[in-house]
Amino acid sequence: MSSISVRGVVKRFPNGFEALKGIEAEIQPGSFTVVLGPSGAGKSTLLRLMNGLESPTRGEVRIGDEIVDTHKLRQIRSKVAMVFQQFNLVDRLSVVTNVLTGRLAQRSWVGSVFYLFRKEDMGIVQEALARVGLTDKAWNRADKLSGGQQQRVGIARALAQQPKAILADEPVASLDPVSSEEIMALLREICDRDGITVVVNLHQVELARRFADRIIGMNSGKIVFDGRPEQMTQSVLRTIYQREGIEDDNSLDMALAYA
Amino acid sequence: MSIHDLRPVRSQDLPPKPHNPVPVWVMATLAALWLILWDLEISFEALAYGVEDMGEYFSRYGQPDFSNLSRYLELMGITLATALWGTVFALLVAFFLAPLAARNFTPNPQAYRIAREILNFMRAMPDLLLALIFVAALGLGPLPGALALGVHTAGFLGKFFAESLERVDKGVCEGVASTGANFPQMIMYAGWPSILREAMGYVLYILDRNVRMASVLGLVGAGGIGLALHDTLRLFDYGQSAALILVILATILIIDYASAWLRGRLG
Amino acid sequence: MTTVSTWRWPTPSGWLPLPLVGGVLVLICALWLTAPMVEVDFVRLIGSLGKMTAFAGQMFVAPDWNYVPQLLAKMLETIEMTILGTAIAIVLSLPMGILAARNATPHIVVYRVTRDALSLMRALPELVWALVFVSAVGLGPLPGVMALAFVTVGFMGKFFAESIEVVDQKAVEGVRAHGAGWLQVRLFAMLPQALPDFVGTVMYILDHNLRAAAILGLVGAGGIGYDLVMSMRLFQYDRLLLIALAIYLVVTLLDRASDRLRSRIIHGRQA
């Protein structure tokens, strides 16, 4: 099991926007971490640095003791899986084939280019689908499923990679409250049973409180809170969610009361 | 606010009318067209006389002579086969070049530029020129025609495929990429499945186009029915020419309907 | 052998789906059966590779610079034919488009006849029409322009008709409610709505017609086509190279220009 370490990371985009302004964090193996914060805080960017979808302008990100480097992406991604807000499944392909893409890092192009997989891969897929409870939908086309089901396929795909860590970028933002519960519970269960490190981006405070071991609060590219859910008081929440320049915001407190 | 606070509103002048470039463009285009007419020495008199003559001329095609029908049908069959082979060849070449020519899939910028240039080159060369070259190398017959069609339309198909690939949803690509897939795997899982419908539409369109072009490639000795038409027209045999044109027309219309129907089934 | 049992396809049966296998088999059969008709002979192909490279080598001789003025004149003629033919076609296809649109045509019979006529005009390649027109009005760029215009009307007429058929009825009702006559309704309510896709289509047509115009000369209908074929037949490779280069340059320039124009329009509309 690997830890994820972020050291002195600054990320500036080509248009000048500085999404991350110096991040230091160490994620323990097997832990369930939630990154909380308003839109534009840099949560997505932080997660995407961890599997190489973005590269830091300064500083480094490590998985275990390997630096996340554009030349070693295949290696890194065989250890780190990602679950997306928009599910990002290939619509035309069946659920099984989508989950099988999780095995691509382990297979050279020779068989996989012809959609040929080994029996072990099919076994791993079967297990993953059973884990997320979608065995009966195995041969359906991915776009014919509901949002919650599609996200479960996304999680099954991540499981098929047999990763050390799963990153979930706003996995429930497009789902209804019941499905959101299911997905978060599923992620928590995977973390507990398999000891996989899970890092989740959320903007729902309640979900964060209920499922996380550790909450990292971000605002405007900086970490403003790092601790246990119990330590997240009202004033901490205000710090996380305040917009720049607005110190005392009644409406913010109101909104947070309902979050 | 009381009624005494109301003041009469001064009507303001409308802002100056924005400069409308359209009339300038229209005048420029008309001027250019006039110049062209003059340069090409196209006189409306010739056309007017021609129209009269043309009425009489087209009436000569009134009695199609189907005496050679079986031979014409055979030639048409060869033409169709030429188009098929050309299209399949184009499909194979485009299948391998298009992913390299798609900005979001290509493994490196050099490969992208080279693939794009190759596709552009294949598109730019008229099939006729290619057919001439292949006839010089392979001799007369339908094979050089098939090759010429194949190379030329590979350029089109490749460009169409590449543009479709570039429109694949970024999220889908990231989804597959995040599993650690390499270039060939990305293409086969995130690329082709996402554009399958469009791609098949393009292939049918190109097949349609190739049937038309195959009919005329015969004019340069690349086999098929074009040569027969050239000969009958040269001998002023309007009856046979009419028959030939009708055979070509009928075939093209059938292929058109079939491909439109197939494309309807796909869409 | 363990290979059969270890590899699987992602289908319930583990094998490829039947429609896919069927389709591919049909295609292979079709190719197999037609191979002798097309005289496909891989041996001959490979053998001729040598000839083709030798030929390509022959092409790279010192160009015939004396030919350049004539080349430029002929290329200009080709471009002019393209522009003129396309312009005439656009003008002529406006009324045709109105007649061939179900919601704008004066009578259902007119609609049917026009649609079929447009279909016929589109069906044959430009070269065939050029052959016929040369036979009718003689050699020169005129039959070439006619052939290009003819086929383009077939295409543009259908395009306009389809655009008119999807216009927003509310705008039409609005204009009609103000007392607009038959022609005015079509000119002021229907056509303007059909115009936005117009530019993209025109660029595509110009692109296609330029390539077509380049070969019409083969049958004496003007443009660079005649020189192209003759230089080949007379083994004048020093000219052929220049001609091929000229065609390549002009076609590519138009391609780039139309790409840029198209992206300007797409982004312009979003701005």
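The chains carry the letters A, B and C, assigned in the order they are written, with residues numbered from 1 in each.
Here, a contact is a pair of C-beta atoms (placed from the backbone, for glycine too) under 8 Å apart; a residue touches a chain by one contact, two chains touch by 3 or more.
Just so it is clear, the structure is predicted and the values come from calculations on it, not from any experiment.
Taking the mean of each chain's C-alpha atoms, the chain whose centre lies closest to the overall C-alpha mean is B. When chain centres are set by their Cα atoms, the one at the greatest distance from subunit B is A.
Averaged C-alpha coordinates put the centre of subunit A at 49 Å from the centre of subunit C. Computed centre separation for the pair subunit A/subunit B is 46 angstrom, with centres defined by C-alpha atoms.
Each chain gets one centre point, the mean of its Cα atoms, and the points for subunit B and subunit C are 4 Å apart. Subunit B has no residue in contact with two or more other chains.
Counting partner chains per residue, subunit A shows two or more touched chains at residues 97, 115. Within the complex formed with subunit C, the residues of subunit B that make contact are 29, 32-33, 36-37, 39-42, 46-47, 50, 53-54, 57-58, 77-78, 81-82, 84-85, 88, 120-121, 123-129, 132-134, 136-138, 141-143, 146, 212-213, 215-216, 219-220, 223, 226, 229-230, 233, 245, 248-249, 252-253, 256.
Residues of subunit C touching subunit B in their complex: 27, 30-31, 34-35, 37-41, 44-45, 48, 51-52, 55, 76-77, 80-81, 83-84, 87, 119-120, 123-125, 127-128, 131-132, 135-137, 140-142, 145, 211, 214-215, 218-219, 222, 225, 228-229, 232, 244, 247-248, 251-252, 255. Put simply, subunit B touches subunit A in their complex at residues 171-172, 174-185, 188-190, 193-194, 196. Residue ranges of subunit A in contact with subunit B, taken from their complex: 51, 53, 73-78, 81-82, 84, 86-93, 97, 101-105, 109, 112-113, 115, 154, 157, 161.
By the touch criterion given at the top, residues 94, 96-97, 100, 111, 115-119, 121-122, 139 of subunit A touch subunit C in their complex.
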